[in-house]
Amino acid sequence: MTRADGRAFDQLRPVELTKDYIKFAEGSVLIRCGDTVVLCNASVEEKTPPHVPEGHGWVTAEYSMLPRANRERSRRDIDKLKLSGRSAEIQRLIGRSLRAAVDREALGERTITVDCDVLQGDGGTRTASVTGGFVALALACRKLMAEGKVTKNPIIHQVAAVSAGIVDDVPLLDLPYAEDSRAQVDLNCVMNEKGELIELQGTGEGRSFTLSEQQELVRLCAKGIGELLEKQRRVLQG
Amino acid sequence: MTRADGRAFDQLRPVELTKDYIKFAEGSVLIRCGDTVVLCNASVEEKTPPHVPEGHGWVTAEYSMLPRANRERSRRDIDKLKLSGRSAEIQRLIGRSLRAAVDREALGERTITVDCDVLQGDGGTRTASVTGGFVALALACRKLMAEGKVTKNPIIHQVAAVSAGIVDDVPLLDLPYAEDSRAQVDLNCVMNEKGELIELQGTGEGRSFTLSEQQELVRLCAKGIGELLEKQRRVLQG
Amino acid sequence: MTRADGRAFDQLRPVELTKDYIKFAEGSVLIRCGDTVVLCNASVEEKTPPHVPEGHGWVTAEYSMLPRANRERSRRDIDKLKLSGRSAEIQRLIGRSLRAAVDREALGERTITVDCDVLQGDGGTRTASVTGGFVALALACRKLMAEGKVTKNPIIHQVAAVSAGIVDDVPLLDLPYAEDSRAQVDLNCVMNEKGELIELQGTGEGRSFTLSEQQELVRLCAKGIGELLEKQRRVLQG
Amino acid sequence: MTRADGRAFDQLRPVELTKDYIKFAEGSVLIRCGDTVVLCNASVEEKTPPHVPEGHGWVTAEYSMLPRANRERSRRDIDKLKLSGRSAEIQRLIGRSLRAAVDREALGERTITVDCDVLQGDGGTRTASVTGGFVALALACRKLMAEGKVTKNPIIHQVAAVSAGIVDDVPLLDLPYAEDSRAQVDLNCVMNEKGELIELQGTGEGRSFTLSEQQELVRLCAKGIGELLEKQRRVLQG
Amino acid sequence: MTRADGRAFDQLRPVELTKDYIKFAEGSVLIRCGDTVVLCNASVEEKTPPHVPEGHGWVTAEYSMLPRANRERSRRDIDKLKLSGRSAEIQRLIGRSLRAAVDREALGERTITVDCDVLQGDGGTRTASVTGGFVALALACRKLMAEGKVTKNPIIHQVAAVSAGIVDDVPLLDLPYAEDSRAQVDLNCVMNEKGELIELQGTGEGRSFTLSEQQELVRLCAKGIGELLEKQRRVLQG
Amino acid sequence: MTRADGRAFDQLRPVELTKDYIKFAEGSVLIRCGDTVVLCNASVEEKTPPHVPEGHGWVTAEYSMLPRANRERSRRDIDKLKLSGRSAEIQRLIGRSLRAAVDREALGERTITVDCDVLQGDGGTRTASVTGGFVALALACRKLMAEGKVTKNPIIHQVAAVSAGIVDDVPLLDLPYAEDSRAQVDLNCVMNEKGELIELQGTGEGRSFTLSEQQELVRLCAKGIGELLEKQRRVLQG
């Protein structure tokens, strides 16, 4: 089997992380994974939601697609007066993933909101949001350090994500829309710098899958995430 | 480590499936898993949403908690004018799981909506909804058969679900709220009668987890799901 | 004229009140009146809405039908983003009725919310909600007494409700859906232990009615309410 | 006991019905009952809602208060994104009352919507809406006759409404806000030209009431409604 | 060219301002401009929104059309759960215009909300709202003076508004609906007592317009506004 | 007076138009005016809204700011369940402006929606949206031509926009946020290739303004728009 874009089965699409894309946000990154483009902006507010214990901070995420991010224009959420169920599901995943990167006590009583707005979607928008969102979050934390608002870097783990899937019974890494839309099985992994899992979501859309297929997909993701973590480090050092 | 309710680490809570709990629904089941109680009602409508191809049917789910299903009363969604993000996430999971049980062409151009309303919640409400929801769905399909509306049973797989988690570094099956609220890792599995995966969602809420820990949790779930599938068969035959 | 279920014109459907149906609520009752089933849960919160005078408490109610409580599935309020006008009307009636049972000063600065969720509806859901809701309210007040939060029982009246209607020009007590849907006149009464009126709502859906017909319907209701009050007392003592 | 405005216990406030207040509506009436002012506009549309049987028409009502109709400004429904529960309850009452005036087959497959917008509220806005709304409805039907759209007048009954209440244990007709806000019992009647009841709603806000008190209040209403029906006839003939 | 109602090209429709139309509002005016009728009520609240600096007051406006203000009935905003975009645009214009009339420090820490509800619309409803709204605002400020709540009149400018348009290439003042609906260019002016501009909105709906045409329309508006300011003064003195 | 960025009083900020920024939209442009960045995407749909006459097309616009486009993060519309009044006002302006560019009969029975999403806002976002939106619209029409869906180019005028304002009594062209936030008068012009006006909106936020000041501001805008039209032509030819 040959992939339409000529990639090997375990090869990522070209990834590009542009730092400080927007000048007002405390952390801002434009991430491109192939034709998927997501703007990730981290905003710091000096207060926390009611459910957060005293002395702790909070990290949360919002996810949205611009109306024409896709092949067909979709109506805005505000036009339908409903957050799409898909967006609700995805932004909860991003929020959980990014919280795993942070020491909430070191963050102090403030909230960092990471807005992930998809400018162009070609598969893998949720995992690109996690990968880009982590860099935006890290930049915002660096700014808190530089301003003396926190004494210890709240970032305690590095976090990145990618998807893998089974297409025509072949496991493939990092599916674009054309592959994703006919995948039999689809799996997203969020991992940290130790190669351990933070989040794992697998769906048998076309057929059920065995435990050993699931393992194979996680291994593919682990390989891709290793490369993404390296790219994050380079842009944060650059 | 001893569990508060005296169960073995790989033991399910007592499960009870009451068929035909509500008399108007085409399929109705009240499922109790320990202190978790969910009413699952399957309703048949003779039309499909616009995105479904001609000649095919559709299966979807809605999930909601009654305001006082929990230790604290929560405001109704309609009072806040927003479907809770958690409910949105869960009902998408249930819908995908139940669709995996059905041959949509055999179902014909109709929609089965499975409403899962949590009367009392003590952990595992989403997996109880899948397990109970499958039985409601199967009863509704049986009714379609009996009425001659379908000639072939649309049910092609049996589907059930359970959760497992790591508490104090010990993997445990089927967490009640008291365990779930302090779990370090939480994983939900949906499987079919072949022991293959349909859906898999793992979250490292307290710490990251290794691939081998993840496997152990899936194995625990597989054991529990085997027992749940047996209970489903018994109630459907009864 | 013979009634479909063989009852006398002034006979109630079988009534069953199950105490402590849900374990988290301060007061919980499942009421069955024939095929109508309503779960009534009373929740105590230690604050009052802004319009309540200092030193007083508040009692309010919310009413909702599960989507498949009826012969046809109905869409959830949150799906339509609107509380149904019928539900709004009914929950205001239940709230006013239950407030008449309570000494708000004795209750102190707290709110009791009685959630009435119809699991199955076969006529008379609003009056069943009042009758069952009163028991849930009384149980919650008893709990406040037991915990020493109030020194005097806030319950000063017992309250129950039933409907009567004119079908084929014959006055009948406690209409199920089959009778209700073709009733010419429909009347709901809420009364207390003295046989006095708290709420009275009569509607000439099919034709106008005379003052003497109205009286006859109130007398029928008074008979039925007497029996319901007795059942409430028995379950509260049991 | 003397009433603040010097009226006898069974005397209506001055009533004024101004026909054709708005020139675009098919039927338009401004009704003043003392300081209560309601604009009632009837609009005809050549279609019916889905639940109406073929060949029949429909009559419905909407009720709203302008933000400064009362002593305090209230926020608009659209600002809160919720129809007030009180408005929902009231517009259902008005709709049922006006439907009782009409032969829906004679009306044909069209809908008449009667909008009742309270410009100034001083008690009795719902009953003023019924009384004024009937005249707007009758004018709209007359217009349908004049245009030859219906051959038989759809109006088969005349309908009017008023309230009565018990204040300081004295039954009084037609309560303004100052009396209504301290009434112990409050009762609204809708009657037709035969003096028969269409709708009856009684509430013991301050205390329970006996069947004989209830009768006395209905008798007071019957007297007032007789006078309102006469005023309606005069303005329709004028 | 002759206008349908016989007016000269630079002649206003008859204007009538009725003071104290509603008795509860701090300032109330019913304004009629030909067949356009708007009820303008000013309400004072002793607090300000968060964005207002300490020691300053705020003036804001809300604008709405009754459902049957126009030739066709339109659905209420609350029925659609959306404030119409047109209403949003207009109420922002009215708010900005009225704020220009007021010294916000002299007003003190309070908000005046001017509700403009269109009872009948025949063109020029937004400008009638500004002209009538100013009088309601001035009456409310006068009341604050009389009650000693402010020591200096917060009104520092007089503000009125009118529209002009180009119909069949002829500039005309104060367009009713029949002219407005076929105008090629439409321009609204808000001016003060010095004949200076506060707000200016011109739209080439049918064709573009030159700077000199625009000037001609502003001159027409200036003439009309001069007459409206005179009418405002007379009603405020009367 | 010297401007903070060293520009002459009648000088535009640097403008950059990037064609085909998004690959799915029929027309896509990223416009930068100084630090203001707006993504304008034109989408074609083969149907029109109900109010559009047969045989005609429609052009409409939507405008939104990303949450962190500004110095402070703002909540998303969907979070507040309300389209911001400012966005509603602006998108109506953009829609009217772009419709003036098009022959709706030549467009045929289709709708072009131009989405203007502000990625970064530093003043002038609404005029940048018109200027960039026109190019996106023209690209979409060119695509319709290329595909043979229309035979005649629906674009009949070229449209661009800019703002001017009075700061410290000095008229200045193209205000960034720092100037805009302390402008006494603010005026937006939309013009076509003939230098004629399409839309004109002037606001005296800090003080009223004379007719001759207004003229001076329009002349400044005319100069700037001339340069913007030239840039549009170059990018459309490039």
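To keep things simple, chains are lettered A, B, C, D, E and F as they appear, and every chain counts its residues starting from 1.
One rule holds in what follows: a contact is a pair of C-beta atoms (placed from the backbone, for glycine too) under 8 Å apart; a residue touches a chain by one contact, two chains touch by 3 or more.
These are the chains along with the protein names UniProt gives them: A, B, C, D, E, F = Ribonuclease PH.
The structure presented is a predicted model; accordingly, all values stated were derived computationally and were not measured.
Identification of common neighbours of chain A (Ribonuclease PH) and chain D (Ribonuclease PH) yields an empty set. The minimal number of chain-to-chain contact steps leading from chain B (Ribonuclease PH) to chain F (Ribonuclease PH) is 2. We define each chain's centre as the mean of its Cα atoms; on that basis chain C (Ribonuclease PH) and chain F (Ribonuclease PH) are separated by 59 Å.
Work out the mean CA point of chain E (Ribonuclease PH) and of chain F (Ribonuclease PH), and you get 27 Å between them.
Spacing of chain C (Ribonuclease PH) relative to chain E (Ribonuclease PH), judged by their CA centroids, is 50 angstrom.
Once the centre of each chain is set as its mean CA position, chain D (Ribonuclease PH) and chain E (Ribonuclease PH) turn out to be 33 Å apart. For chain C (Ribonuclease PH), residues that reach two or more other chains under the stated contact definition are 81-83. Remark: chain F (Ribonuclease PH) residues 22-25, 28, 35, 39, 41, 43, 45, 62, 64, 66-71, 73, 76-78, 81-83, 113, 115, 117, 119-120 touch chain A (Ribonuclease PH) in the complex. Listed in rising order, the residues of chain C (Ribonuclease PH) touching chain D (Ribonuclease PH) in the complex are 81-83, 85-86, 88-89, 91-92, 96, 100, 157, 187, 191-192, 194, 196-205, 208-211, 214-215, 218, 222.
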